[in-house]
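Structures for review follow.
Shared between the two complexes below is chain A, which pairs with chain B and chain C, respectively.
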Partner chain A sequence: MSDAMVQNSPETVQPVLSVRNLKVSFEGPKGRAVAVDNISFDVRPGEMLALVGESGCGKSTVALSLMKLLASPPAIIEGSVYVKGREIFNLSKEEISKVRGKEMAMIFQQPMTSLNPVLTIERQLTEGLMLHEGLTRKQARERARENLDLVGIPSANERLNQYPHQLSGGMRQRVMIAMAMSCKPSILIADEPTTALDVTTQAQILALMSGLQDEFGISTILITHDLGVVAETANRVAVMYAGRIVETATSNDLFSNPSHPYTRGLLGAVPRLDALLSGDDMPSRLREIPGNVPSAGPAVPGCPFAPRCDRVKDRCHTQRPTPVELAPGHIVSCWEYA
Partner chain B sequence: MLAACFLVGLLIHLVPGDPVEVMVAKMDAVSPEQIHAIREQLGLNAPPWEQSANYVWRVLHGDFGKTIFGREPVLEFLLSRLPNTFLLTICGTVLALAIGLPLGFLAAYHRGSWLDNLLMFISVLGVSVPAFWLGLVLLVTFSVHFQFIPVAGDGPASVILPAVTLGLVYSAIIARMTRSAMIEVLTEDFIRTARSKGLPERLVLMRHALKPGMIAVVTIAGLIFGYMMGGQVIVENVFSWNGIGRVAIHAMLQRDYPTIQGFIILFAAVIVTVSLLLDLVYMWIDPRIIKS
Partner chain C sequence: MMSTPKISSPVLEAKDIVKHFKVKDGRVARAIDGVSFELMPGETLGLIGESGCGKSTLARVLSRLEEPTGGTIHIKGQDITHLSHRQMIPVRQNCQMIFQDAVSSLNPRANAGELVAEPLRIHRLVPKSEIKDRVAELFKGVGLNPDMMTRYPHEMSGGQCQRVNIARAISLNPDIIIADEAVSALDVSIQAQVINLLGDIQSRMGLSYIFITHDMAVVGVISHRIAVMYLGKFVEYSTKAEIIRNPLHPYTQALLDASPIPNPSRSKRQRQIVRGELPSPISPPSGCHFHPRCPKATELCKTEKPVLREVLPGHMVSCHLV
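Here is the complex of A and B:
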């Protein structure tokens, strides 16, 4: 699976981030539950890769394990992750700290609880700068103020002296973005940055994020439920199902030619890109697919989607589908194409 | 507070016996008439509820009555012992915090490790050992065997043993509280954010986790303070420390009603004051309170 992706990727540029055979399981009372099952993907310089999938398919688990932020135990993490060619899973704690915030930063799903309630915004915005860039307090404050301007927070000087509870949810998520962007990381991981916000704020935050991504050429992994968001902002999409990536394609390819039965199910009856982009008929949330969303459990030998698939064949239950490249960069893991 | 005062007045009459019995037990040849006269004089012949109501009425006018045995004004008598009690409480609390906070913090940081298990095992012992027993053990070991600390009395050196007793007992509770508060805080989302910025674990703990953890500890500390004052009474008696706790036990043995009641009012006042002080501390460390 990984080889197919590495060798056949259309660009020869070195990816900023390469994930190889990432596997995450949780040791629980009922034995090991596999949340992320052997996935591999690349993020190329300056691109925005969307990671989509239903709730519980393991998106956050992927994001957190990339930053080595999952508590282990209970999590058992296997595989390798390369940031600009350097493997980071084998790094010591101290070395990982130098990657976090500096090379790779993260925006979390929960803006209300992700900021420390007892520290000022200034403190929380400057500590990364002082740590990674060796700035003095004064210089860091100045940079923090600029960053707040950048993310569109008015009267930045006053905001710096405030505490998180004095800010609205949208403002807090802007602060989180400013914080993540402060050291101009190569990779930004945004885990459903807008799920907790109201619709207008969602649009503003997304516009802000793609603006910043264009401006600074930061490679972004955007985790989302929202296909409308994907169509508008992402260059490429990886569709996750039950801990696996079942299809990877450019956004255009995915919407015009969804190939995995699960992707087709997600996009519903009208997977037309023009309709999606213009906003008519847009399935803004994932469409219901009959059957239950599986939660992390024992590893399945075959295709995890088989129980819900309308084109299921015998071997889908027993053999893991091998990835197939339908078009350059469009990879599907389904026995229909093998 | 007044209602509590009234109730206490009733409750102390549930204990059999009265001060006059205690008094006359030490004299010989006292006639029943004399006993009756003394009771009349002290107002002890009225039904308990009336005595209690009268008491509340007098307290409202600032009169706490006189002790039955020394015939001294109760309030002055108790207040004169209060500095001793404060000295002991402060030494004990400082010691308890100095031992309990760092150990609880350490246990939380190394949770699940042998160090955590060991510390928590010791703290279980600390919590379950009665203060008087620990006090006696210390007394026998350090004063009787080694004789380098005075057994009892009011001198500056003699505060050491009772303070250590109080400190050890409460450090166990504080260590447990600190540990669980810190563990709770360490699961918060903002701790994950702090780690995602690349802060070293030491900074994550000292800057991001400590303050919220302390807020939780202060909140619970207010609740256990009354409990601590209870331990104080026992320790004062074990070490014959002349604080109000010792006075209270004496008064109870002698059924010295006004002194007991005065003690309880004072005790309650101290607890209320301390919780107010803790609220202030709370406001000072938690920025979310100031606004609302």
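Here is the complex of A and C:
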């Protein structure tokens, strides 16, 4: 999506986060592998934008580079990221860490890897508050307790004295959310926050995140591979394939009018409870997308989906599809429409 | 020509299976707490439930990787409950397992061709001279290009490795395959390929599956019958149409309600989200194990254990309110 296109879009509100021409590659023994291939997107105030795609398409790489958490080298990061209009990739280390504490926070798929196993929940929740907000230990503990209440953890006082391994997976993810929320960030980046959880716990956590989004007007980037989760929670969706965003739309538009051949393929391949719940017979087969999910390699000149696509034309192999706005805010990168 | 319907007998019969694990301070985890069912030829039984409810333990007991604490298991009429390791060898041939971790299930030092040939060699089912042809045939049968034979597990994708595992499992013409979360780690587009492949193999070979998953939509596609497990017990057990469209147990209803649906107009539905998490099988709740989380629980539920009983033809539920 070009800058001009974004400015022409009907939304006049300034986005809280703008990503322009983000490109991330890794230098490896077999040459340069492009993990994120020139993507641009906006996150608007108070919305939940889902980044959806299969494994290796570059979702986590996007999240980590937005947070400036990717080690570079080996990563080579190009492009610009604006938080409330201010470019952050050019900021100093200290300034970036302030942005990270106050404006942007992240939660990860595996809470165990991001919680420190030898520190109590209290220590982990209060450190940031004392550092970024200059609270005393006592004030910070009080805020930590409030934050645990906020994320629905019962008997918060007891929990504060416990260690991560004493909590269930769902509870740990709640602690992660409490930690991310503690400085009231404007942007929350959640990388597969419920993938490791049971559907019952997942529903609880997603409800919690939607509640926080409504209550505090937080903008959220929700990274997931689960189209069901997208439909349940996100306002807008960007579908990624092999390092590129191939389709962007509101949730309603994406599911009612999936336009990129890959999006259509995914929606056909996912087992659907709605199809099982209604209709005369219950499907016992799924539609397939032939071929395999690619892993990062050298940049391809044309469309990365071409080897698996049922609409492929000659130029798909040689020319990068240009984005087309099918309807306001519904943008597709596919030669079928250009 | 009209054929008289054959009354077939079950390939697998599990009766009152119990599996207890001793944990520290002499306490016991009741991982499986009285499970009975029959698996018919050509049938897929889906097992669903939250993490820790006992699905894998049941799979390990049924395939006799673990000995049950109580109950009996018959495979094709033979009582295998207490067979020795040696006696189990021919039974294993007939009852194969596939696991979630497709790549690490495979010996990293053998290539795909050797991996698929291995069970054929060990069980001496095919003369040496024919092994190569049979392996090529198996490759085609699971949708792998025979060119892949020289690849090692780390040179293949997760989906391709799972196809190798499936080829190994079907190489011995088993009557039963137990698949424990076999498609859970695969990408959506690859998961669809493997689910269809398992269906095709079933139509071709007539074998039966016990298919374990935590995904309601997957179980709804692949199964003929579905058993919903909670703390080591079946709480509801029926055809997939009954379980998906007429769920009677509040826990089944909660699982269906919590399952995300890729359709925004549907997902705006009012959902009743079940509270809390699965309790420990070391100290299960009194009465109905589900009562602390159940939105419909009554006083009776706190004290009295409900029994699994047939409330509609072929539809078993254990809930006081049904």
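The rule is simple: the second predicted complex is superposed on the first by the 316 of 338 C-alpha atoms of A that agree within 3 Å, B and C clash if a C-alpha of one lies under 4 Å from a C-alpha of the other, contacts with A are read in each partner's own complex, and residues count from 1 in each chain.
Going forward, a contact is a pair of C-beta atoms (placed from the backbone, for glycine too) under 8 Å apart; a residue touches a chain by one contact, two chains touch by 3 or more.
These figures come from a predicted structure and were not determined experimentally.
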| item | value |
| --- | --- |
| First, second, both or neither for A:V43, with chain B first and chain C second | neither |
| A:T200 touches, of chain B and chain C: first, second, both or neither? | second |
| Contacts of A:A231 with chain B and chain C, given as first, second, both or neither | second |
| Which of chain B and chain C A:E127 touches, first, second, both or neither | first |
| Chain C versus chain B, contacts on chain A by residue | C |
| Which of chain B and chain C A:A144 touches, first, second, both or neither | neither |
| Which of chain B and chain C A:L266 touches, first, second, both or neither | second |
| Partner chain in contact with A:N252 - chain B first, chain C second, else both or neither | second |
| Chain B versus chain C as contact partner of A:I77, first or second or both or neither | neither |
| Residues of chain A touching chain C in the complex | 54-55, 168-170, 198-204, 207, 225-232, 251-252, 255-256, 265-274, 276-277, 282-290, 292-293 |
| Chain C - residues contacting chain A, complex | 50-51, 157, 159-160, 187-193, 195-196, 199, 214-218, 220-222, 240-241, 244-245, 254-267, 271, 273-275, 277-278 |
| Contact footprint of chain B on chain A as seen in their complex | 64, 67, 69, 93-94, 97-102, 105-106, 108, 110, 113-120, 123, 127-128, 131-132, 163, 165-166, 176, 179 |
| For the chain B and chain A complex, residues of the former touching the latter | 188-190, 192-201, 203, 207-208, 211-212, 215, 285-288, 291 |
